[in-house]
Amino acid sequence: MGSRMAFHLAENNVDLTVYNRTTKNNKILKSKGVTIADSLKSAVKEADIVFSMLSTPEAVEEVFFGNNNTLSSMKNNAIWVDCSTVNPSFSIKAFKEAEKYKIRFIDAPVAGSKPQAENAELVFFVGGEKETIEEVGPYLNMMGKKVLHIGELGKGASFKMLVNIMLAQSMLIFSEAVLFGEKMGISKNLLLDLLPNLVVSAPFTKLKAESIKNEDYDVQFPLEWMYKDLHLASITAYEQSQPLYLTNFTKDLFAEANKNGMRRLDFSAIHKYLEKKN
Amino acid sequence: MGSRMAFHLAENNVDLTVYNRTTKNNKILKSKGVTIADSLKSAVKEADIVFSMLSTPEAVEEVFFGNNNTLSSMKNNAIWVDCSTVNPSFSIKAFKEAEKYKIRFIDAPVAGSKPQAENAELVFFVGGEKETIEEVGPYLNMMGKKVLHIGELGKGASFKMLVNIMLAQSMLIFSEAVLFGEKMGISKNLLLDLLPNLVVSAPFTKLKAESIKNEDYDVQFPLEWMYKDLHLASITAYEQSQPLYLTNFTKDLFAEANKNGMRRLDFSAIHKYLEKKN
Amino acid sequence: MGSRMAFHLAENNVDLTVYNRTTKNNKILKSKGVTIADSLKSAVKEADIVFSMLSTPEAVEEVFFGNNNTLSSMKNNAIWVDCSTVNPSFSIKAFKEAEKYKIRFIDAPVAGSKPQAENAELVFFVGGEKETIEEVGPYLNMMGKKVLHIGELGKGASFKMLVNIMLAQSMLIFSEAVLFGEKMGISKNLLLDLLPNLVVSAPFTKLKAESIKNEDYDVQFPLEWMYKDLHLASITAYEQSQPLYLTNFTKDLFAEANKNGMRRLDFSAIHKYLEKKN
Amino acid sequence: MGSRMAFHLAENNVDLTVYNRTTKNNKILKSKGVTIADSLKSAVKEADIVFSMLSTPEAVEEVFFGNNNTLSSMKNNAIWVDCSTVNPSFSIKAFKEAEKYKIRFIDAPVAGSKPQAENAELVFFVGGEKETIEEVGPYLNMMGKKVLHIGELGKGASFKMLVNIMLAQSMLIFSEAVLFGEKMGISKNLLLDLLPNLVVSAPFTKLKAESIKNEDYDVQFPLEWMYKDLHLASITAYEQSQPLYLTNFTKDLFAEANKNGMRRLDFSAIHKYLEKKN
């Protein structure tokens, strides 16, 4: 994701330094005028704005205020924009850590995965101070098609959490409906063609219906990460004493799929898992 | 629903006789040249095609082959088009009863409620013999915007069942997300504006978000009927030994709402019920 | 079950005529002085009391007031004691059918399966008129160890329904706990030895823990019947607009097990099914 | 709990120093020869064995290796026996912290609440080194009626977790059955008298049936703590990618009850909550 996002900044002639654990996209980025840093510290030390896109809260912690302690290498008053999907209470923790180094923080997770990053069609859900967001806005707009200011600090992460749990649940009710339809004797292809176009179905299921047809669960968003996000939602709900019946059931079904060989596939492979049990 | 549908047939100059338990729309229909029958028997006895739109399988049974036994008054080879929402095994029972009187049967339930009936924007899900459907097709097209031939006898009812359970479930996950978002401190109005427009939400939630905003659960599709449909799905799934986890959970939550004062409101009032418990 | 119950009546020198679809136990019964009827009609026509023990409501219907119409062969004022597990509304239907022939009816389903029937340790849950129950009581006491008068007509069936859904659910929470315990690294045998003896576990799990240890799911009460009973509960709850969250979830899990090779095993094989998915 | 447990040690003439946040039981303890410490540090500094009984993992952390850092005041080779209910991964964390100070650790949570503590009828579920457990055993036996060695470090906590989630779930299925029985027209008192004595019910429901009868939910084990324990189970299950369907549903229902006025009542008040919704 990160290199695809960097690519759009580079195309817009932003003065950009990149650090990535994997080096395979560095060549293309270099050819666009991007500086490739050989360490985290050197990547951030002169930056006015630092964007991070990592896979888990644990990874963000390790890089920014754990062992690597990247925050300590950043300039005073720099802005750290965390685009990773984390739980809201983690965003607040990150903010507090950043504050110690007089670094400004906003949480800006995205809707969209690799194809959307590739086509600058991400949607950013942003939480934080209005002024900081305005400073960062132009760059977000280079990488995405929409920037939604959801509220104060942590609300970007909160909103992203909602989007992800709806993604998982909408997938599941679609899948349950297709399998039930087949059991009632309706053609599978007809179901996959008709259902996603009805107003009762989340529109993203159009794409997933193609995955099911082709039995091709090439990963857009890995099932194991979706499982993690459902778990983060469960923890956040507990902090609010809020029941999340459908989300928690969905989480448990993803747990089953996760340990039965589906974890590295796209999350829509929950269909493949249900189909097998059927 | 029925009188709105009849209205469109009349506008297309179809030779039409109507029977309705309630008489309040008869005046308008009469003004369009429709004959108002004073009994079920007289309504159907000369008809080539009989359309029925009733609230429950029990009502269909009572009218057509129970106490009223309307089937016995129909012409040989006439077509009975049942637009009511029933379970698939009931459609097959209706077909068998019709067969005894040499009457052809198709099941043709609809997507849409009063506004869609009013604007001839219903979608018909049709099960039955291809030839019979072709005979009936022109009339269905007068009343709706789309006629989908789902499969053999009963498959219209089967497909409608899928649509309704998806409706209930999509409503519920939307509602659970809005309430969780509020708990996390995001503005309710922002949630109601943004979430329905994302690809993770079923598009019909745009309308329901307005209902929630205005706290106006004016009935489009009554919650008690949705509860019934969820129950019919549960019974049908049992016939196939098919688990329907999310559907059955949704059914139970509708049971709660049903007996706690929501049953005559629109099914989207499940939100109001959850809000109250929150 | 039926022949085991008959055996105890015979041992108590009750003047008894038996009809059974299968004939394998007839020899023993004959040796005890029991008359073996060669038809349903001849079995019941002189009887003051008729006991029935059948597998489903459908079977009871077929035998007593469907095709076989055994009721029409019974004496006026005879008592029909139905020991089958049926839903309460079916018991009421049976009562009404019996009434047409001036036959008295009580519902008297049992707790216990073959071993309890063998050892006259059944518990009868009885619904109906007090006087009728008193007439029948001595015979029930020959076949069981306890006769509980639950209430008016149908309440025996209602109570039995509660017992069966608790059986299924207690089994499931036991099973979920054992599997979770193993995942946490506790010895399976230790779990199976300790948990059933704690006050948090239903005592019947002691026996089922042995089945799990020996991987011997020899049928006491077939999984497919438990699945049916959970479904009957779901239907009855609908009649009362009553949610049954845990029961319905349990039903769906039994649906999965039912179609994945477990249906003819004991219902405790739900553990084997969960273990396989684990 | 803690003072009741201390009382039994004192009665057995154990040389004992006690520290408690609340002082109300100090008088009685003093009269039994117990030394009352005026700080945590002075309570533990000479102790060979330190028993702790606290309400949450957070409380244990704060007292032993957080702000108060009691561990640093303990003797080398002393044994810390944590009787608090915590999640297994917390026990392992506690062990590691203790190790830094060369302190031996065992986890020894209990089954039972105030009445069992009062009567020395607690059951200890112990995890840790065999030798350490043997050293501590005599003291555990003074406070309880049974000491079960479940396995290595953390397994006591794991087993306690199983017991608590079974407690919550068994309560819930009992409650759902009683309410369903009432809806079917069976007398509430009959249900409360009969059901707990059947082999399908966890024996502890006998006591809870009395609470329901008397509408007296005087706290044995507060609902909010049960909610916390269900949540800890949910987190532990995630660490194992293990689904916990019934547990997680139960957790969500306790979340509802928790925020609707039941949190300080006994956990069996989940019945009161369900009754209200009925």
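Points to keep in mind about this one:
Order as written gives the chain letters A, B, C and D; numbering starts at 1 within each chain.
Here, contacts are C-beta pairs under 8 Å (C-beta built on N, C-alpha and C of every residue); 3 or more make two chains touch, one makes a residue touch a chain.
Because the structure is a prediction, the values reported are computed rather than measured.
Of the two chain pairs shown, A-C and A-D, the one joined by more C-beta contacts is A-D. Chain centres here are Cα means. That of chain A falls 39 Å from that of chain D. Centroid to centroid, with C-alpha atoms defining each point, chain A and chain C lie 52 Å apart. Listed for chain A are residues 237, 242, 244-245, 249, 253, 256, 259, 278, each touching two or more other chains.
If each chain is drawn as a node and touching chains are joined, the picture has every node linked to every other. Per the touch definition, chain A reaches chain C in the complex via residues 256, 259-260, 277-278.
Remark: chain D residues 88, 111, 123, 148, 150-152, 154-155, 158-159, 161-163, 165-167, 169-170, 172-174, 176-177, 179-181, 183-187, 190-191, 194-195, 198-204, 233, 236-237, 240, 242, 244-247, 249-250, 253, 278 touch chain C in the complex. On the side of chain D, the complex with chain A involves touching residues 227, 231, 234-235, 237-238, 241-245, 248-249, 251-253, 255-256, 258-259.
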